[in-house]
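Dropping the structures in below, format is structure tokens.
Two complexes come next, and they have one chain in common, subunit A, joined by subunit B in the first and subunit C in the second.
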Partner chain A sequence: MSRLGTDPILSIQDLDVKFTTSEGEVHILRQVSLDIERGSFLCIVGESGCGKSVTVHSVVQLLPENGEITGGRVLFTVDGRDQEISSMSRYGAQIRGIRGARIGMIFQDTMSSLNPAHKVGRQVAENLHQHRKISRREARELVVKMFSRLGIPDAERRVDAYPHEFSGGMRQRVMIAMAMICDPDLLIADEPTTALDVTIQAQIMELLKTLQQEAGKTVVLITHNMGLVSEVADDVAVMYLGRVVEHGSREQVLKNPQHPYTQALLQSVPFMGMDPNVPLRTIAGQTPSPASVTDGCEFAGRCPYVQDRCLTGKIAFRQAADGHVARCVLLDEDGMSECSRRDDARVEDSSGQEART
Partner chain B sequence: MSSHTHNAASSLQPVPTPRQAGRQALRKPESSLHAYARSFLHNRNAMLGLTVIVLMVLAAVFAEQITGYSPTQMNPAQSRQPPSADHWLGTDQLGRDVFARVLHGARTSIYVGVAASLLETLLGTVLGAIAGYMRGPIDGILMRISEVVMTFPNLILVMIFVSLLGQGVNNVVLVFALSGWMTTFRLVRSEFMSLREETFVEATRSFGYSRPRIVFKHMLPNALSPIVVAFTINIAHYIIAEAGLSFLGLGVPVTTPTWGNLLSAAESSEVMKSYWWLWVAPALAIIIFVTGINFVGDGLRDVLDPKTRRTPVRKILRDNLLGKRVES
Partner chain C sequence: MTGTEAIASLYRASKLTKYFPVRRGVLRRHVGDVKAVDGVDLEIGRGETVAVLGESGCGKTTLGRVLARLERPTSGVLEYDLGQGLEDVTRTSGSDEFAFRQRVQMIFQDPYTSFNPRQRVGDAIAELLSVHGMDSSEQRADRITEVCEMVNIRPEYLQRYPHEFSGGQRQRLSIARGLSVRPELIVADEIVSALDVSIQAQVVNILRTVQGETRVSILFISHDVGVAQYISRRTMVMYLGKVVEVLNSATLHERAEHPYTQALISAVPTMDETARRERIVLRGDVPSPINKPSGCPFHTRCSYVMEVCRVEEPLLRAARDADHLHQVACHLPEPPAMSPLRRQ
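Coming up: the complex of A and B.
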């Protein structure tokens, strides 16, 4: 069960992904369900290895060769038409018509996400040539226009430069231009600012936010930076060990987190004005290997509120408020109010903390 | 790496005034071809190699005009003459002018070297690119084929192919390409295997490009520099291989002069000792040409690879020796 969306552009339903490794099959995603509202800004948060990237990569059929979608489905809805992406072949013309044209992707590593051998303008135009019949001159004009729109100064001249002549922030803008040039409906940004400094990070985030608000794009941002989430997100999905554990609006998830993992995650974010002598809260224990958790709640081993019924069976989503769900048994009873007791003011404070990850 | 060198180089320059900086910013960026050419022209070894190659190719093209002798015209009265004003490099046992034969031999030898290397590189690159990008069963099959071909001693393989195809200039080219594509194949394959993991290749996938487009338009230019280097060095290799094969009488038919056919004159120890000009001339021609090729290959690598592009040595020396030291 997931949130009821009125008009989801992308609907991920019970997605299962397995990877074949030298140690056998590993279940990386388990019944991931997410509805992404058209025109919204969704942040997917969670620690490294929790399946954030795998989720969005399976959405566009870009899993590594040893990864495979073994269950569930992904529905992509544009122009009132449902397309089941999960059943398309990886390199088929169908999915290739969606990738780049309908769904644009922005990658984490600004240093290596552009081809060093081609001029940036040509790389951006290439995407146009792939998806539209367009002359070189028209394509170039569109690229120059897109560059100026994305705040690349001296665009007319810069389209003829090579990636190594750009700074990290400018490269990320070029990358966004590549993703945006075909006017996609959905923009997926996989930790787009990890390699950038704080000021540039703020600029790029502002840019993504503008694209969402003014151009009406749907943006999915993968991050582990709670500060960013509190600034840009409309909706937040929290993932842990290959599952979505909580999903709701920004206010719901950040101010009233229901899952013990989300609570712990928020408490471990440092904030301006905190007592420097008090050690930062951490989550006890280590993230278990995805292969070791087969039954019950995957967070049970580290959860301070663990009970017997957490350890076995399937833990279903429970509704906390309208559009706010979490996979935790504590939501069933009054005990919840006690464990969700926390300092609400902290979240507002931490919103100024996007520098800290 | 490159950004470091760029920074280092720019910090050696005097700081431009805002006005100069503004003017520089307005200048159109230099085209890449132009930049490559300029950088290549500043590479002393490469230019030396290129000069030697061009001169030798010109000499081969204008062989008739330069010597005035036919390479096949026999003159028993002039048998085995040492170098003289009439015959600059002497004559062979049939009285043919050695200089004329070396120049005409250059035509065939260079043709065989370039054509074999081109064909081999083409074959190895296409197969290597496909195998490296696709992996899986296609890669497995191609790898097994290349391993099987490599288990045969190269000379034996060449001899088998020659006996199957028969002698002849173009057959030699074909034989070399068929027996030598594995090295380029493996080089390109490993290059593509690492390239396919690069984020920019993933990015091209995420934009829905077709596989041929990703492989040949986006990945190949990034793998080009080792291929170019391999191509040039292979020219040298096949010129030597042709010489060896012709020396054994298996290469180009003896009626066609090649450097290898000329060298085979030195098969007898009598020639080795008493008639040195018969083998020194073609041997020197091979050595000089092959060295020139290798110089050009290295120069091309310096220029073509955007990752190893560096400031010309001369500029660094000038800036440092003339007192514009970097203050650290």
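Coming up: the complex of A and C.
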């Protein structure tokens, strides 16, 4: 059971992704299901290696050579038409018609996404020429218009500059221009501000929020910054070790987290204005290798509330409230998790003892 | 400088500068300087944790390196309490400098590059101990076990190589190595920035516990306002090589008086909805540290700029509130109000 939306633009259903490595096949995503509501702002959060980037890369068929979708499907719905992205060939014309045109992507590292030898205007226009029959002059005009809309000062002149002539924040705006130029319906931003200073991060976030609220775009933001999530998200999906463990509205997930992992994650970040006498919550041990997960709940090895029934079988999503689901056996039928009740009684050892062998 | 009356001073820097020359052309002509640290005054008390907060390029790392004596200052005076009160240590060299290094240890952002990949981590710590004169191998082994217990690393892991540890464990090992020689000051340069949040929490908790047990002073260099505030007693905010404000960490999000600090705080995303402020958007980018603006370094982006700000550089002075720790370098006669709290 996943969270039910009324009008999803993107529906990821039981997605399985495997990577072939020198150590054999590794199951990176396991039955990832997410419905992304049209016009919403979804944040996917999790720590490194949880599969959040792989999830969105599978959506646009940009997995590396050794990665493959082995199960489930991805449905993209625009203009009332369902398109099954997961069944398209990754180099085919079909996906190329969607990628860059209907789904825009923004990545963290702008320097490796932009070609240092070409003017930025030309690189942004390339996307237009790819998807539309358009003259050079018209394309240039559209790029200038997009640059000024995204707050790049002196746009007329700046389209002829090279990437190294821009600051990090301005380069990220160029990346957004590239993703936005074909007027996509869905915008996927993979940690777009991790390398930027907070004052610049604030500007970029404001921009993404405006694109969602005023231009009606659906935005998926991948991040590990809980502060950001609580400021911009409508919906939040928490991932751990290749699975979605909790999904709900921002209010539900941040105020009333049901999965022990989400709870620990939220209490481990020192935020501005926090009482310094409260020790930070830590999660014992560290994320195991995806290859080592076999049966039961993948968080069981680090969970303070682990029980016998966590260790075997398939852990299903349970509903905590309308539109709020978590994959935890402790979530009983009345929608109130046992662990959040027990949370006050139990203060975790703050030292983070070793679990690695 | 006032504000540390209750705590004995350990280290003081006055008018500290560090310039890196910029050379151009075949003749390597000297065409200017990157003024990474440009006239910083600071004082660290015994057992005190001071945070240095700033965005990229503000000079916080260079300041840390100069204080740890990994770089020589271009000018300025460094004074350190070697046992008989503050003494000038700016120009020490040879064996005095060597002895100084045992008192001040630095920990870096990337622990992987600060360990030799071909040396077992236990040997790496032992090497530091023997360099600093601990000759008996039993003593060394005892001390290593002791510091590893402090940072929650099992002693049997010391036979391993750096790549066999996770990022968080490696960072705890570099803390253990720094602590092993019983330093009086640890300069920690962005030591949790590269770690995942739950691992970051382990390292922050350990640093606080260790600080409580050993009373070591810590200079915690960070760009993260939340972490800096959580871990420190005082916070120094840097902008373009200068300290623009020194504040009591506990109240930094409510009492900031410098327009730059206020803008920085308003930009920090926070989970505490009641602490969220209207965003102050800064115009333009940080100016180049080679061609710095005259007067106040922040005047090109400040919305309260006055004529005097363009010509005269403001010096750190007592802030307008009653807090004796609080200092600010700003010409404004009255501090601007913090931006209003955001309505939800």
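Observations
Definition applied: the second predicted complex is superposed on the first by the 328 of 357 C-alpha atoms of A that agree within 3 Å, B and C clash if a C-alpha of one lies under 4 Å from a C-alpha of the other, contacts with A are read in each partner's own complex, and residues count from 1 in each chain.
Here is the rule we go by: a contact is a pair of C-beta atoms (placed from the backbone, for glycine too) under 8 Å apart; a residue touches a chain by one contact, two chains touch by 3 or more.
This one's a predicted model, so the numbers in the text were calculated from it and none came from an experiment.
When the two structures are aligned on the shared chain, A:262 is found in touch with neither subunit B nor subunit C.
Touch criterion not met for A:11: it reaches neither subunit B nor subunit C. Once chain A of one complex is fitted onto chain A of the other, the partner contacts of A:114 are limited to subunit B, with no touch recorded for subunit C. Of the two partner chains placed by the overlay, only subunit B lies in contact with A:131; subunit C stays clear of it. Shared-chain residue A:203: touches subunit C; no touch with subunit B.
Shared interface residues of subunit A (contacting subunit B in one complex, subunit C in the other): none. Across the interface of their complex, subunit C is touched by residues 47-48, 167, 169-170, 197-199, 201-203, 205-206, 224-228, 230-232, 254, 264-266, 268-274, 276, 279-283, 286-287, 350-354, 356 of subunit A. Those residues of subunit C whose C-beta lies close enough to touch subunit A in the complex are 55-56, 152-154, 157, 166, 168-169, 196-202, 204-206, 208-209, 223, 225-227, 229-231, 249-250, 252-254, 263-276, 279, 281-282, 285. Those residues of subunit B that touch subunit A in the shared complex are 2-3, 6, 25, 28-29, 32, 135-136, 198-200, 202-211, 213, 217-218, 221-222, 224, 306-307.
Chain contact summary for the complex, subunit A toward subunit B: residues 60, 62, 65, 91, 95-101, 104-105, 107-109, 112-119, 126-127, 130-131, 154, 157, 160-162, 164-165, 175, 178-179.
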